[in-house]
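Chains: A, B, C, D, E and F, in written order; residue numbering restarts at 1 for each.
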């Protein structure tokens, strides 16, 4: 064997990574600060209730009167934004999700309180019908069980206005109806919220198998059928790109990919096409479970792996990560 | 409120997804067949041994005499390729990893047998020194504990030749030394294997926290220090791109990204830049654990989530997935 | 006048900026942490000396014995890296810059000390001849006063080796000779520093009028002529692009633009073309003066403007900023 | 040490810069002629007044009767265009900025005069409300102090028409309201100025800290709050791109970036995306101060540095530079 | 007929061109200064000769003793660069063009004089063999009349060195042999002119029918055959692009297109691909004739059309224009 | 001197051009057939007149009764298309160009005849007002002499309809008013010519100095002022791009660049952006003169140069060339 060729200068990577500080210069855009995290909160009808969620160890649902205490310590540690979900008793549900805009809606009442308790906290409200409808679907249905898209987006716009009036900074439609961003923006503008409320679109929400614990937490599983007729097929890059083009044309202020753990290729592509829009990602309940249980079994180190995941999400293009782990950060 | 604007035709996505077959047309490149899976196998010094790996429930290490039975049923079900790792007793380890090229090396002996037992099975051999060195690092060290790159790549080339002579179809260097692909290719060509043995480069192998169970399985944790001076920083897209450019310039036949679960943005970018190279991804032991334990706890459905993950990996650009779950597929 | 048309939804920007947190989401890649700052330090021959620089109020030159105290407080506050310059008495200067590699060179002696005092501090050394040559030019001259490029890059490589042997993590050639990166890398590799010392190239160093105070600080003005035959013309984007292509081909680990204040278009273009290379920028002495004196006169607020400048540099693509203001950060 | 490799031919840059004429060929697009400069002029209510601005040494505010003399010498030297600002006594200010369109408005009266005195001089008028409103904000406010965007852009269109009728060639809205370009263009067309008055949009006006002396000069600081809800966040490339897309879609004839000194990356990107639109940049008062005071302190040479800055602005893509230094050019 | 639709705001172009200054902002990169012009000069063997060229009215050939007077007035008016051609008596011609490097070569003697007479004037020398060979071809021929490429480029490199030694700043090979740039650069570097002499490559020299008067002027028509085997086919964009890639790879400092009048699409494409290289264009003798005779016949206005042509050349990407009309500019 | 390096294989161009057929393969898209030529014809009021144009030797104006004979021989030789211009006696001119749509208009009468004489000949009609207005401008004027754009485009649409009704296949508006394509298309559609008449837009018609002989030919010079407020500035690439975007958005079927000789960079860019639109170019009268007079003086060979020019126009992207030389082709 003769002499081994030496590699070209430019192909020597070790000289760029032999030291911790040098390594850090290779990925400076991956930092996580409090601005990069948004905390999802489940709010129940019963104001005094605090309900641990058995399928998501460490996470609870809160009544209005238990919220201030829970969030205060987080805000003190720097929490900058929350995403609110309503968890509604079946008794209040009907075909149109009337409770979503009623005075007694726990989320609407919570927004008012949160604005006064934490004046600097950004309040985002998930906008959907599934938590409020008797059938558990995200839109208003035709008699044959299919979606009535026009009626649905009108109703979603009404819900958005209710949140805006209550004081939400951001409305975040997660329903995946066609045209909802335009409908919401139109109604926001007619109500003079056009330049005062932002719309965070669940742009690429896939029909994933990772939502199980969440549906438990939010009591929002559909009573029949599934959501594959409005959420995106998991194999489809193309529909994610079309959905993003749609939402941007209709006026979205920020975009979201959900779930994120196995959709980071989608995040990368959306951020590359639309670098001018802040990119949100939602680390869903199934992802939470995967990390939690593997760590509990000793197979991975929770802190190290969580740090690696958050850095990786930033690397792939995420600006803000919606995660239950905000609690521990 | 006036009439809600109707969305533009092109922004109506529901008409493309209201039916299962239509949905399937959105992601036809995501199929999984036996050609898309490669099965990693750990081979131990003791030929009669069968050692379940406690940190990877369901996965075992095999002695040479236990291998045929285990693989036969898989081959019968269509298994097309394996990736072999040696698990070596400490007694055989030294500074240069001499055992890697000795006649008694269990992998070398296994290759010979596997070629005769399963003539159509593709045999890939992981090429590294860490399983064979007393210090557990992937290269030969200087006295100060840093890597001697020139000596390391020469030794890795020697190991590759040994596998080639034993009959391996593919050598897969996982060491992350600079210039190893060129060194291996040079020696393969000098030994007339230039057109008969392929090199599958672990191009983007990150210094991840998801390797724990594997190191247990392969008994290859370093005795001191870590591998951050040669594996890629987890935040760095740039070094992954430079590493791929390097390996392709040096002659790699296929590329690999490892781990893959939170590196799918990297897979996407490498496949987009180099569509002409088959892309392998390695679903590592920590990923196995996350899926296994979350399913065991009932938070996710193993089969559905595994299917979603494999389809997503294909969507992101992976051609072949190296996974322990091949067993169950 | 009829009704004014209302703007399109996507053209309403106010809904993305009406609140501080929302605004922050528009520029998350602009954070400044200690990893983003490198501190330039002038070291004089007289070990006990501490010389305030009159043309750069607040900045001093230090002798070896005054260095530890000055840097300790900065390291305690998080300082991660320094860039060392020698300021040499004329008595030690000659045609070839012999003192640059002598045992008495204050920078070489400082590197040794700094490694022991601050084991985690990254030591970068500016590599040039101008501080050491009697004629004050950055290379070795022909008899007619023009540059002998071959002799110059050989000498610069020798100087780099001296720094590497003393313990520098980074050598940073600022001379702008053609081929110096390749020459330095070749010699580093022949001396087994190939994977242990990084080369930070002053890739786009312009023949600017903003270096005045620095030349005062480093006593490095040329005795005759100027540097326009080797530094880049200020109007030339093209030569900056060619210089970056050259340095990357020759093996640079990181790139630099200098000065930066009015060269941010160059930073943007180089970072866009070569995102895989960390981008350094040097906020030079004239920039320091412009900020300092305008603030002193009350025309601008130093802290606010400095913060705006640093954020803007990050926005344009800078990863690490070499600035005298590190002192105040 | 062996022989140093010689650099590749194409990597020798010195052969392109060893001589002054050769260097000049590298940046021919950076010339500054009178067509590349626009001169900002402050006009006060008192026609006989000439008020030196203490925070901008060398610059004054002029009453109508002092304008002809001041501008005559500049026009004789080649001045081709001016940008007019009104500086209004508080007594004339109200909530809607009524004085902006009154017969007594000094800018409107000045336009008429300037057209007759200097028939070839291009007259551009800054269009905003902040100099005319009692609250000092750039739009009409809601009761809660936020912007009423619809009312604001209607008012800005009215102001533009007033300038057009007086004889302005260009109206230049600096307010940063959404939709103002479309509103102004609509009204211009309804009044048959559609092909006779150009709109120069302050497209990317950042909420910078460099406006201090200007606000002093124009007496236009807001009475409460700041302008961060309508001017662009300094970290945001994305909103600058969205603003340019918006203004071009709405009909802008030329674009502007303001300030420019640390926003040259933005200039470069806008000019690259929209090369068909003339790019204006505004060298603001804080930039003037930085150059002025550093030169006064002897740290930089005013003429050399100013020349370098203007050439650099041209290099980055600026066609016309709005600068107080036009005076000295 | 109903109402005609009004055009969109952005489609109204008149508002950008209704005034002379506004129009000028649309094409600021088209200025012509003395730096944009290079003057071609024919030098004859007879030192006292001044020979008007009948086919190019207004242009003459000069002997060494008539040169100073002719050029002095042009240099006084700002002339910055000349391109020298030798016009050789047949008596001095041979197969290898020996006279090109002899002491008596009028161009070599002229370079020495010009450097002393006009120290700031850039001297470029056309490098070719056709003026010196008995057969009138641009290279050395095989016996069958085809080009011996290797011998030709070696000879061209020798000629270049002769010009470099005489003091030329630029050598400009017009021969269109393959590999001549590399050969010339290699020899320049071996003679230490590597960073002191620039190479201006006639990159895209087409086999045009517009060279007639020049061949008359330079007495360089081939004795047999034509130059279509080494000059580019007039229809070929592809070979022009390949030639530019070739010359840049081999080290050219600047590029040229010749002729230019009907090759402006080529100029545009080369400048777009290689913006980092100064682009020269040669307005050849046939172009001169077309302008001259049409003006003489009163069909066009010489000054207006010449101005339009020069501005158009700049618009298409030309940095420097080599033109006989420099005389009248 | 050592051995000269041999050029890389890919840099040897001679092997692609040493033979005529090989050369022809380099530019196959440059052929000229009768489909690539359109012949411009001037038609006068006096039906029996045949008027040689003194400033365009060889070209004449024809009365209706002289047309058939002249065109018959051309049609026999393959002529496929003509572009008709009216040359009108001053007596018939007024402010609105009434004669353009009168029954006596010689072009309208000619169209009818030509359709019957030459059923396969494509008839295109230049659409403008300048030949018909007393002031000689291309639109209807305001009292102050500026263009009334709305009235102009309405009138141009009326003229187009007249040509359509007479039987023209193509209307070709040359006026450069904003919005004329949309206006013409609207009226064509209202008259059911929407799918039967094509619009060939003079998209990029520059305010050139090459129109002199044509204005003589068509008696269409403006009585006062010039056309710089509606024709494009010669330096402006940007407005040509905006004009093409405008015309395509408004419905143009084909695009034109005029003149072409020094605007081939514009042709190239428009064809690259809009390859889906046939590109016409107009070789104007000044170009005709330049070729004619240079050939007449013996400086160029008419046939060879004309062939080179036509091939070059095709190379730059022209599909159809409108040229007076069609006569000789």
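The rule we apply is simple: a contact is a pair of C-beta atoms (placed from the backbone, for glycine too) under 8 Å apart; a residue touches a chain by one contact, two chains touch by 3 or more.
Remember, it's a predicted structure, so these values are computed and weren't measured experimentally.
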item: Interchain contact steps from subunit B to subunit F (minimum; 1 if touching); value: 3
item: Separation of subunit E from subunit C in steps, with touching chains one step apart; value: 1
item: Neighbouring chains shared between subunit A and subunit E, ordered by label; value: C, D
item: Selected from A-C, B-C or E-F, interface repeating C-E by over half of its contact pairs; value: B-C
item: Rotation angle superposing subunit C onto its copy subunit F by C-alpha atoms, nearest 5 degrees; value: 180
item: Pair with more cross-chain C-beta pairs in contact, given A-C and B-C; value: A-C
item: Distance from the mean Cα position of subunit B to that of subunit A, given in whole angstrom; value: 33
item: Separation of mean Cα positions, subunit F and subunit A [Å, integer]; value: 59
item: Distance between the centres, which are taken as Cα means, of subunit D and subunit A, whole angstrom; value: 41
item: Contacts with 2+ other chains: residues of subunit D; value: 6, 8, 10, 12, 14, 16, 18, 20, 24, 26, 28-29, 146-147, 149, 178, 182, 186, 194-196, 229, 237-239, 242, 249-250, 278
item: Touch-based graph of the chains, sorted into line, ring, star, complete or other; value: other
item: Those chain pairs that satisfy the touch definition; value: A-B, A-C, A-D, B-C, C-D, C-E, D-E, D-F, E-F
item: Partner subunit D, residues of subunit F touching it in the complex; value: 142, 146-147, 149, 178, 237-239, 241-242
item: Complex contacts: residues of subunit B adjacent to subunit A; value: 1-2, 4-8, 10-14, 16-18, 20, 23-24, 26-30, 55, 146-147, 149-150, 153-154, 157-158, 178-179, 182-183, 186-187, 190, 208-210, 212-213, 228-230, 232-239, 242-243, 245-246, 249-250, 261-265, 267-269, 285-286, 289-294, 296-301, 304-305, 308-309, 311-317
item: Touching residues (chain side subunit E, partner subunit D) in the complex; value: 6, 8-10, 12, 14-16, 18-22, 24-26, 28-29, 31, 33, 35-36, 80-81, 120, 122, 169-170, 181-182, 185-186, 189, 194-199, 248-254, 278, 319-320
item: Subunit C-touching residues of subunit E, taken from the complex the two chains share; value: 192, 194-196, 275-278
